[in-house]
Each structure stands twice: as C-alpha cells, then as structure tokens.
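Each of the next two complexes has chain A plus one other chain: chain B in the first, chain C in the second.
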Partner chain A sequence: MKLTNRFLGILAEAWLPVALIVLWWLASAGSTSLYFPPLAEIVSVGVRDITEGPLLSYAAFSLTNLAAGLAIAIVVGVVAGVILGSSQRLRDAVNPYLQFIRSVPQVALVPLIIGALGIGALPKIWSISFACVWPVLLNTIDGVKGIDTALTDFSKSYRLSKRTHVLDMVLPAALPQIVPGVRTALAIGVIVMVVSEIYGADSGLGYYILQSGRNFAVAETWAGTILVGLLGYLLSRLFEIFEHFALRWHRESSAQARRG
Partner chain B sequence: MFDNRKFISQVLVGAGLLALWQLAAMSGTMGRDLLPLPLDVFSRLIELPFEARFWSALQLTLASAFLGLCIAAVIGIPLGLIIGANPRVYRATRFLVDLFRSWPIIALMPVLVLLFGASFKMKLIMVVLAALWPILVQSIYGARRVEPTIEDMTLSYGIGGRVKFFEVALPNALPFIMTGLRISTALSVLLSIGVEVLSSVPGIGYEIAIARIDGASAEVIAYVIVSGFLGLTLNQAFAAIERYVLAWHPSVRGETA
Partner chain C sequence: MNTVTKSLTRTAADATPATPALEAREVEVTYRAGAFAKTVLKGLNVTVNPGEFVCIVGPSGVGKTTLLRCLSGLLRPTAGEVRVVGRTVVAPPEEIAVVFQDYSRSLLPWMNALKNVALPLKGRGVSKAKREAKAREVLATVGLSDAAEKYPWQLSGGMQQRVAIARALAYDARILVMDEPFASVDAQTRFELEDLVLELRDRLGICVVLVTHDIDEAVYLSDRVVVLANSPASVIDTVEIDLPFPRDQIATKSLHEFAEFRGRILGEILHSRAQEK
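Coming up: the complex of A and B.
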C-alpha cells in the first residue's frame, strides 16, 4: 500500500515533464529547421561531445572556476561580515558604500576584469568571487548583528577567548543567515560564470555554447544550453541537501524552543 | 535626528577609499587598463549627462528591464496563483518550475541570437525569461499559504470566481508576490546589462563593452558607477512601492497578527 502511494506521488509529479519531453521529441523528429534540430540529434550530439569531445573538460573548467570563486567569496564575506556585524560604528561608517557596490549589476564588471587581465581561469575566478561576495557579506552581517546579547554576555562572563567566541558562538548562531546568502551567491556565481565564458574564453561551457552558435552548429548550442541548465538545477538541489544537513541542529533546537 | 558622528565617519571612509584608489592607480601595479585615476573617472561622470548617447543607452537599458519585468509579472502572477491553488497542477509542474528557476537563463542567449538576431526584441525575451521565475515561484508560494480561517470563510460565504481572485487570493499572496517582484527587478537589470555586454544590443552594458575595447578604462568605470546608481535607485524605488502597496499588511504596519 505504501509503495503504491509512493508510486502515485512520483507519477503525479513526473507525468507532465515526461509528456513534454516526449512531445518535444516527437514534434522535432525529422525537423529540417536550422534552429530547431530534432531532440534526438541534440541528445546524441551532447553525448558524443561529452564522451569523445571537449565537453567534459569544459565543464570541469567552468565548475572549478565557480568553486574557487565561491570559496574566496565565502571566506572574505564571512570574515568581513563577522567584523562588520560586531561593530555598530563600523557598520554605520561603511553602510552607504556597501549599499552602492552591491547594487552594481555583477555582470557589468566582467568586461573590465577579463578585458584587463586576459581570458584565462584567474580573471574568471576574480569576476565570480567579486560578484558572490556581497550576498554572503550582507547576510553574515545580518546574522551576526542579530545574535542574542545573552551569547556575548555568556562569552564574557566565562572569559572565552576571542577565537572560541567567534568560532563556537558567533558563527554557529549566524549560520542560519549565512547559508541562504551562500545560496544566492551560488545562483549569481553560475550566471557570472557563463557570462565570463561567453565574453572571452578558450574553454568552458559558455565558450562551447557561443562557438557552436557562431558556427551554426545549432544542435551543439542546444546541447550546451541544456547541459548548463541541468548543471544549474543539480547544483541548487545539491545545495538544498547540504543546507538541510547543515542547519538540522538549528531546526531541531528552534522546534524544541517552540515546544517550550 | 541628524547623526553627526555617523556622517563624519562615513565621509572619512569615503576619503580613505578614494585615497587608496588614487594610490593604487598611481602605483600602476594593477595597470591603468584595470584601474584608471579617480579624477579621470569623475570628469567622465560629469560629462556623461551632457551626451545624447548616454541618455539613449540609459533609456534602452531601462526600457528592456522595465518592459520585461511587466510582461513577466502579467504572465507570472496569474499563472502562479492558478498553479498554487490547484494541488494537482502544483505537483505536475513542480519539477519544471524548480528546473527553470535555477536555469542560468543567460546561457540561452546564443540560441536566441540565432533566432531573433542581436536585437531589442531578443534582449526583451531574455529579460522576460529570467524575471518570470522568481515572480512565479513566489506567487505559487503565496497562493498555497492561505490561512484556514480565510479558506473556510470564502467557502461558507460561497465566494468564488473573480471576487475570490481579486479580493481574497491576490491580497493574500501579495506580500510574497512583492518579494518575487523585488528579486525580479534586480534580475531584469542584470540580464539587460548582461545581454548588452555580450551581444551588440545598445544600452549601458554595450557602452561598457565598447569602452573596454577602446581601452577607455575611465569610461568603463564611469558606466559601471552609473549602473550601480541605476540598481540602487530601482531598489529604493521598489522598497517605497512595497511599503505603499502593503501599507495595510501587519508586516508593514508593525503589528503582530
């Protein structure tokens, strides 16, 4: 009985996506339009370029840049966020500048950074980390700012070292705010990753999409576009799973607090 | 009301940042290509408003962002409310909505350039495709969060059809819809400028891209600063609209429900 329920649940969610894919497959079969090649051809071209072609190494290039850029952004954002979050005066002093710089559409800087520093991996990593640092920073500030003063008093009365106070008290307490900031940063990072590769690159998924489009290899363009989309989806799902585990203690303790 | 010490500290930080910029630019370690002198940038910034080209770029970026946002809202809000109100439709579309909301839409640009050319229309379609999802997701979310008492009341009073949509479903979901609109406003500017940078569609992003190719780094930074002001202004304008539209809502009135 339980198994049939589960099956019905999956069916209720899966029928439409499956139907759409089948529809696309059938409608595009035998298509001679330059812009809408048969889905079968898109899939076979994609599989070919993943197994024999450059797609796998391109994807690795894109993803390492994203990971490196995001890692830098998280470290810088969290450290600066803890400092700014702990001092009202510091926060007041830098706030207008912070509000301004986070309003700059992150892709506007890509031409500058890549144009000046070249098309290699490093300028892309800078672009990504520069774009990703703001949501992490602002969320960390909010998280640290909102910490119960009882925590600070506790650390003071027990004479905890600054290090212990930050690592064991402040960071865990701010984590429920930091993690959503990282999630936003991830979404922005994927966009900047693609933009930076379309703007100027000799590798990466964005480069693959751009080049195939320029050569009118439209099945490749579609395959690359779909691959980037699936990667974006996969990354956000993986992050959701990570978030679920990283914040489990938080959910449990706040549920306990509600129960009293 | 006016906090003197706060203001002085802000001015000091600004002066410090400027001095740092000046020193970094003069030392030339980063290259003039990446970091022009602050004075060059500010003189460009003062000149820009006197150039017709600047206003037309600003207008084209704003037009695609605003129009795209409106189209996305007109499609996304009713669609989201319908999906959210019907559990069956919600379950059937959940995967698709999840898939597209995390799809980096900018990756579709080369395909759209093939289909529509590097045109305003292409840029507009890109903006709509990107701005649609946050609005849709939040509208669905809002429609699914109807309080049981409200649900019971509409049922027992036999409220349905248009009245239910405009008087119950829409106001109930409005705080969520506003959140979606706010996210989408930032996204639509981001996409407009991104498309302009990458294709040769005119606008602020295109000015940045050409200035870069010409090696005019002061012009690049001047336009980046303009784009920042654009983002900031839209943010603040949106916050004001949100306060106005949701003035009746407990979260804005500052009462606990």
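Coming up: the complex of A and C.
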C-alpha cells in the first residue's frame, strides 16, 4: 500500500516534465534552426562532451567553487548573524549598510571582483560567497533576534557558559530560520557560479556555455545550460533531504504545539 | 505515590536556627518603560529556611513571577536585597535551580530527555560521561528511566514537566524554585507531580519555593504559605501550615484544618481585591 502510494506520488510529480521533454524531442526533431537544434542533437553532444570532452572536469571545477563559496558564506553569515542578532545596538548601527548592500545586484559585482583578483578559482569563490552571504546573514539575524527569552533565562539561571549558550541553545533555536537562508543562498550561488566563469575563465560550466555560444556551437550551449539546470535541481533536492532530517525536531514540536 | 513521609533531616534542620536558605529583604521592583514607571513589588519580605517548603500565592498579575525572578537572581531588585545562605544575590547563584513556568518553552526540542537533563551540568564543567550518568540517575528519580532517549515532543505534558524537574535536580541545588510548575497539566497529573515534589523534598532534603495561584495547591504542599496582594504587591499574610505529614491528596484535603487554611487565604485575597476596586 505504502509502496503504491509512493509510486503514485512519483508519477504525479514526473508526468508533466516527462511529457514536456517528449514534446520538445518530437517538435524539435529535424529542426534546421541555428538557435533551436533538435533535442536529440543536444543530448548526444552533451553525452559526448561529458564522456570524451572536458565537460566533466568543467563541472567539477564549477561545483568545487560553489561548495567553497557557499561554505565561506555560511560560516561568515552565521557567525556575523549570531553576533548581530544578539545585540540590538550593533544591529541598529549596521542595519542601513546591510539594507544597502543587499539591494546591490551581486552579479554586477562579479567583473569588479574578478578584475581586482585576477583569473583562477579564487575570485570565483569570492564572488559566490559575497553573493551568498546576505540571505544567510539576514536570516540568522532574524532567527537569533527572535529567540525565546525563556532560553536566555535558562542559560543565565543555570550559569551556562557563553559557548554552551551559543552552540546548544542559540544556534539550534535559530536553525529553522538559518536553513531557508542557506536554501536561498544555494540558488543564488548556482547563478553566480555560471556568471563568474564568463569573465577571465579557462574552465567551468559558465566558460563552456560562453565559449560554445561564441563559436555558434549552439547544441553545446544548450547542453551546458541544461546541465547547469539539472545540477541546480539536484542540489536543491539534496538540500531538501538534509533539511528534512536536520529540522525534524522543529516539525514535530510545532505539530505537538498545534495539537495542544 | 500518594503518601509522603517526612524525613528526619528536615526535622533536624528545623530544630537549629540556621541561616535562612533564601531571604528577600524589603525588596522593591520598579519597571521603567520610557516615561512610565510601574512599581510591581514594594517592601517585600520572605524568609525560607533550609529544608522548608514555601508557597507564594497571589492573584494572577500580582507580581509573583517578578518576585521569583528576583529570588533566583535573574532580576536585580530596584531596592532591598535577596540573600542566599546569607550571601547577597547579584547573579543567579549556584544553590538555586529553577523550574520555569512553561516546560514547552524551556525544554529544548532538539535534544532528547537525557541531553536536556544533562545540560545544566555543562555549566559546572562536569565530564560528558558523568553528566549522562547523573542525568540517568535523576530521570530514574522522577520515574522516567525509559524515556531518556525520547524527545520532549514525544512525551506527554506531565512527562515533559518531570523532565524539567529532573533537569533542575541534576543541577544538585539546595533550593528548588518553581514558577507555576503545574499550571498546564491536567488535574490527575497535577496531583501526581505535587506528590512527586513533596517526596523529592524529603528524599533530598532540599528546600522548595513554589509560586502558584492555586490556593489548594499551596496549602497542600507547604510548610508555610506567603500571601501576596495589592499593587504594588507586598506580603499580606504568612500562614504556617501545621497539617500533618505525610500529606495525602484525599485525607489531607478532607481535614477540617485544610478547609480553614484555604478559607483564610482565599478571604484575604478576595478582601484585598475588593479594596482595590
């Protein structure tokens, strides 16, 4: 029974994308348009470049940058968020700048960062982390700011150290807000990952897309774009699984609170 | 579970005129919010002797929780002082363990019962193995040996409150301070928990200060009831409850004297309310 339900669930989710792919495949078959090559050609070019060409190593380069950039953004965002979230005075002082910086389109800064730091992986990692840090930071501030005073009273009356208070109380309590911030950062990170490889790059998925586009190898451009889309989708699904386990306590305890 | 024996240690403590375990002297608390200032407590005196069970009763909103925050060192009084074993309290003292009003807010849902209970010992720099051994021991004391690995949201309200009590016990404090601890559990569970606390007091020789708005509960549990009323609140009466121990939910509450204590305290609270209006 459970298995059937699960199967039906997958079916309900998958029928539309499968139908669209089939439609695309059939409609584009025999297309002679330069910009819309047959899907069959896109797939075969993609498979060729993955198995024999550079696409796999490009993907590895891009994903490593993304992972490093996100890791920096999360560490910086969470640490700064805990500090700012705990101090009203500090928040008041920094808030105007925060609001300003997060309104700046992060992608527009990529050429500047790369211009300043030169080619190679490092400026790409900085670009990604600079764009990803804001949603993590702002969500962490909100989460820490909104912590129940009962927890602070508890830490005080049981004389817990600052370290224990932050690690065992503040961070877990803010986690339900931090996690959505990281999810947003992940989506932004994928975009900046591609954009950062358009300037001063000699590797990466963005570089592949740009180069093939310049050479009018449109099937390659499509293949690269679709691959980025698939990777982005896969990462967000993996993140959902992580979220499911990391926030189980939050789901269950709010459910219990609703039951009363 | 219903009957509670009075231990010898407590009687011995009564006999010696020792330093009070906890003392509020002429405590005054004024909250300020901009131009507004509200004095919640004024000229308030409470004494709790070692091993004693004292309940503080008063109508809702009278300032019981404020007093309790002062007694536990979470709030500095605007005037007067709080003393723990003769020492002036300036920050939460290690002799006091607090059981907060709302267990659903003070138990951590991301930790199982064992970790929750072991947490206060982190503040004392106890090793992890010893923390967990102690946590298991106190969980057994409150009858929750089997629930150590369960998370708070997997436990009933009464069981969660037992975990909160166990957590306070793990801290090995001499004084247990409880803020309306049984307000959100059903009546049967409340009776069980009341008897559990009486039993723990006897077994561990600790003293208990419990804040409640329930007069029956106060009379049933206490050696002494402190009645708060008026605004700003002060102590309008201190009632020595000389009902025999062990206390029993049915026998004790059927005593003529129980009804008299109850009537006296209720009368005082109603009278003070009538005067305010």
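Just so it is clear, the second predicted complex is superposed on the first by the 245 of 260 C-alpha atoms of A that agree within 3 Å, B and C clash if a C-alpha of one lies under 4 Å from a C-alpha of the other, contacts with A are read in each partner's own complex, and residues count from 1 in each chain.
Keep in mind that, in the parts below, a residue touches a chain if its C-beta (ideal position, glycine included) is under 8 Å from a C-beta of that chain, and two chains touch if they have at least 3 such contacts.
As the structure is a computational prediction, the values presented were derived from the model and not from experiment.
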Chain B and chain C placed together on chain A: clash or fit? fit
Using the superposition on chain A described above, determine whether A:60 touches chain B (first), chain C (second), both, or neither.
neither
Between chain B and chain C, as viewed from the CA centre of chain A after superposition, lies an angle in degrees, nearest 10, of 100
Of chain B and chain C, the partner touching more residues of chain A is B
- Query: Just chain B (first), just chain C (second), both, or neither: which does A:160 touch?
  - Reply: second
Figure out whether A:148 sits in contact with chain B (first) or chain C (second), or with both, or with neither. second
Inset, instruction - Name the contact category of A:8: first (chain B only), second (chain C only), both, or neither. - result: neither
**OP:** Please indicate which partner A:35 is in contact with in the superposed arrangement: first for chain B, second for chain C, both, or neither.
**Re:** first
Distance floor for C-alpha atoms, chain B against chain C, superposed on A, in Å, equals 11
Residue overlap on chain A between the chain B interface and the chain C interface none
Within their complex, chain A touches chain B through residues 9, 12-17, 20, 35, 89, 92-97, 99-101, 103-113, 115-117, 187, 190-191, 193-195, 198-199, 205-206, 209-210, 212-214, 216, 218, 221-222, 224-225, 228-229, 232-233, 235-237
Listed in rising order, chain C residues that touch chain A in their complex are 69, 72-74, 91-92, 94, 96-98, 100, 102, 104-106, 108-111, 119-120, 122-124, 151-154, 171
Counting only contacts in the complex, chain B reaches chain A at residues 3, 6, 9-10, 12-14, 17, 30-31, 33-34, 88, 91-96, 98-100, 102-104, 106-111, 113-115, 186, 189-190, 193-194, 197-198, 204-205, 208-209, 212-213, 217, 220-221, 223-225, 227-232, 235
Given the complex, residues on chain A that touch chain C span 148, 150-151, 153-154, 156-161, 164, 168-169, 172, 175, 249-250, 252-253, 255-257
